[in-house]
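Quick heads-up: structures coming right below.
Each of the next two complexes has subunit A plus one more chain, namely subunit B in the first and subunit C in the second.
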Partner chain A sequence: MSIFHGFNINASALTAQRLRMDVTSANIANAHTTRATINEDGTVEPYRRRMVVLQSNGNDFKNYLQRARFGTQQGNNGVRATRIIEDQEPFKPVYDPAHPDADETGYVYYPNVDPLKEMVDMVSATRSYEANVTALNASKDMLLKALEIGR
Partner chain B sequence: MYKTTKIRIRNWGDFRMKLFGQTIHTLERALNYSALRNETISNNIANVDTPNYKSKDVVFKDMLHDAMKNNLQAKRTNERHLPFTSANDAFQVITRKNTAYSHNGNNVDIDKEMSNSAQNQIYYRSMVDRLNGKFNTLQTVIRGGR
Partner chain C sequence: MPNRIETVQPVNSLKEPAKANSKVQHESDISFANVLKSALNKVNEVELEADVKTELLANGQIDQLHDVMISAQKASLTVETAVQIQQKVIDTYNEIMRMQI
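This part shows the complex of A and B:
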């Protein structure tokens, strides 16, 4: 725990939000991808929407051990993207027999990406990023002001 | 007949030490560290898109602490023997290889680097501030408190 602890917390959040933004971009880019994964038997599967799982950084084994042994806790250690999971919502069927990936009934399965959700996620990630930049600048200004104490 | 009296200062090092103390020396090392760290961070940011580039960092503080304690000295019978801790390089550049950020093998985290850069600037400024404070103190002494 140094005086720059706040910096590291906000930096971890910036990284996490940037990753959310990247994943959202990937989702939007692949909103119509019908061949994201090719199985071993040659069948293709559409793209599945991805989501980032964020977790508080203090939830690791080291922290729990320390808490059990010394009763101290290194709380609020920022945030960490632990996994990227796939949305298990069903794919959207569209009737289009001329499409090369249509099945025998003439339906093409499009990704379960909802542009509306993606836009909401995008704005959310942008705003969180901005909030963290603001917080980081605030800590920076505080430290710079601290240098002026007694001047 | 004159009788000359020689005043010999046994060790100039000790004399200097008492006037300036260890502070300026320590601050100088801290500034060196900070300058090197700035260089490293700039290098990381410049290589943010270089495939297989691994981000670098300078480690210093733990080693400074060890160097300050100075309780374990190597017995050197020859000057070419390696000391346990050397005063000149109390910090070293390390490469972070245990993280992954993008698919091309690059692990530069631009947000982390920018925040490290801000952190380093403040650190540098505070060290300069302390150094100035030290010099001002000495100047006050030289002026006789006036």
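This part shows the complex of A and C:
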């Protein structure tokens, strides 16, 4: 239903921000994980920081075709998470020969997770979520105001 | 005497006079009773969706809490709209009943 268009757009954003929050939580939880992936040859690799790629719903093939043929835009312009990519920054080496995952030189490689960045991402996701809830409430208030027309 | 309230017809018939027969058929489809019925069905659908979401939440099968809240808000808004329309219809009916003949 098109009167709930705004609701659906904000709902997609809420879902996306929840996912960002989940990914940030996973990054923080695995900030010291030295065995995230185990290779076939038995070597272990530390956790890689993950990031969410968000994309607008309006720029898929169907929409471009619609725009080219009819000059109209179909579908909502919400947002969706298309991919979760891994941060390719190098791991942080720490000298600790007693650690079970230390290499021959005595270095342990820790994840490339920076708690500071994660905190910033977390606050950003929380604030975005709040903004979308506010926008949603505003749409609802608008519709309720519309019901008062002529009363 | 017209016994039903009909919505304004688009002027398609001017462009396609051959389709006059189907227009009559179309008019009976969009009688006031049918419009009301389909509108109420839609209201019911939205309500049912909110119910299903609430039940899923209670069962712990929902992973997006805001979906439940938004469905509930949609349902409440739809019902509110339906109530407002119903009041308008009843007001109109009363107005007509009060008419002096």
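Here is the rule we use: the second predicted complex is superposed on the first by the 147 of 151 C-alpha atoms of A that agree within 3 Å, B and C clash if a C-alpha of one lies under 4 Å from a C-alpha of the other, contacts with A are read in each partner's own complex, and residues count from 1 in each chain.
The rule we apply is simple: a contact is a pair of C-beta atoms (placed from the backbone, for glycine too) under 8 Å apart; a residue touches a chain by one contact, two chains touch by 3 or more.
Bear in mind that the values here come from a model prediction, so they are computed numbers and not experimental data.
Asker: Judging by the criteria at the top, classify the pair subunit B and subunit C on subunit A as clash or fit.
Answerer: clash
Asker: Just checking: does A:124 make contact with subunit B only, subunit C only, both, or neither of them? Give me first, second, both or neither.
Answerer: In the superposition, A:124 contacts neither subunit B nor subunit C.
Asker: Taking the superposition as given, does A:4 touch the first partner, subunit B, the second, subunit C, both, or neither?
Answerer: both
Asker: Given the touch rule stated above, what does A:30 touch, subunit B (first), subunit C (second), both, or neither?
Answerer: The answer is neither, since A:30 touches no partner chain.
Asker: Looking at the overlay, does A:66 come into contact with subunit B only (first), subunit C only (second), both, or neither?
Answerer: neither
Asker: Does the superposition put A:56 against subunit B (first), subunit C (second), both, or neither?
Answerer: neither
Asker: For subunit B, which of the listed stretches 2-10, 74-82, 92-100 or 110-118 runs into subunit C?
Answerer: 110-118
Asker: Find the residues of subunit A that appear in the contact set with subunit B and again in the contact set with subunit C.
Answerer: Residues 4, 7, 10-11, 14-15, 18, 136, 140, 143-144, 147 of subunit A touch both subunit B and subunit C.
Asker: What part of subunit B is in contact with subunit A in the complex they form?
Answerer: Contact set of subunit B toward subunit A: 109-112, 114-116, 118-119, 122-123, 125-126, 129.
Asker: With touch defined as at the start, can you tell me which subunit A residues reach subunit C in the complex?
Answerer: Result: residues 1, 4, 7, 10-11, 14-15, 18, 133, 136, 140, 143-144, 147 of subunit A touch subunit C.
Asker: Once bound in the complex, which stretches of subunit C touch subunit A?
Answerer: Within the complex, subunit C contacts subunit A at residues 42, 46, 64, 66-67, 70, 73-74, 77, 80-81, 84.
Asker: Would you mind writing out the residues of subunit A in touch with subunit B in their complex?
Answerer: Spelled out, the residues of subunit A in touch with subunit B are 4, 7-8, 10-12, 14-15, 18, 136, 140, 143-144, 147.
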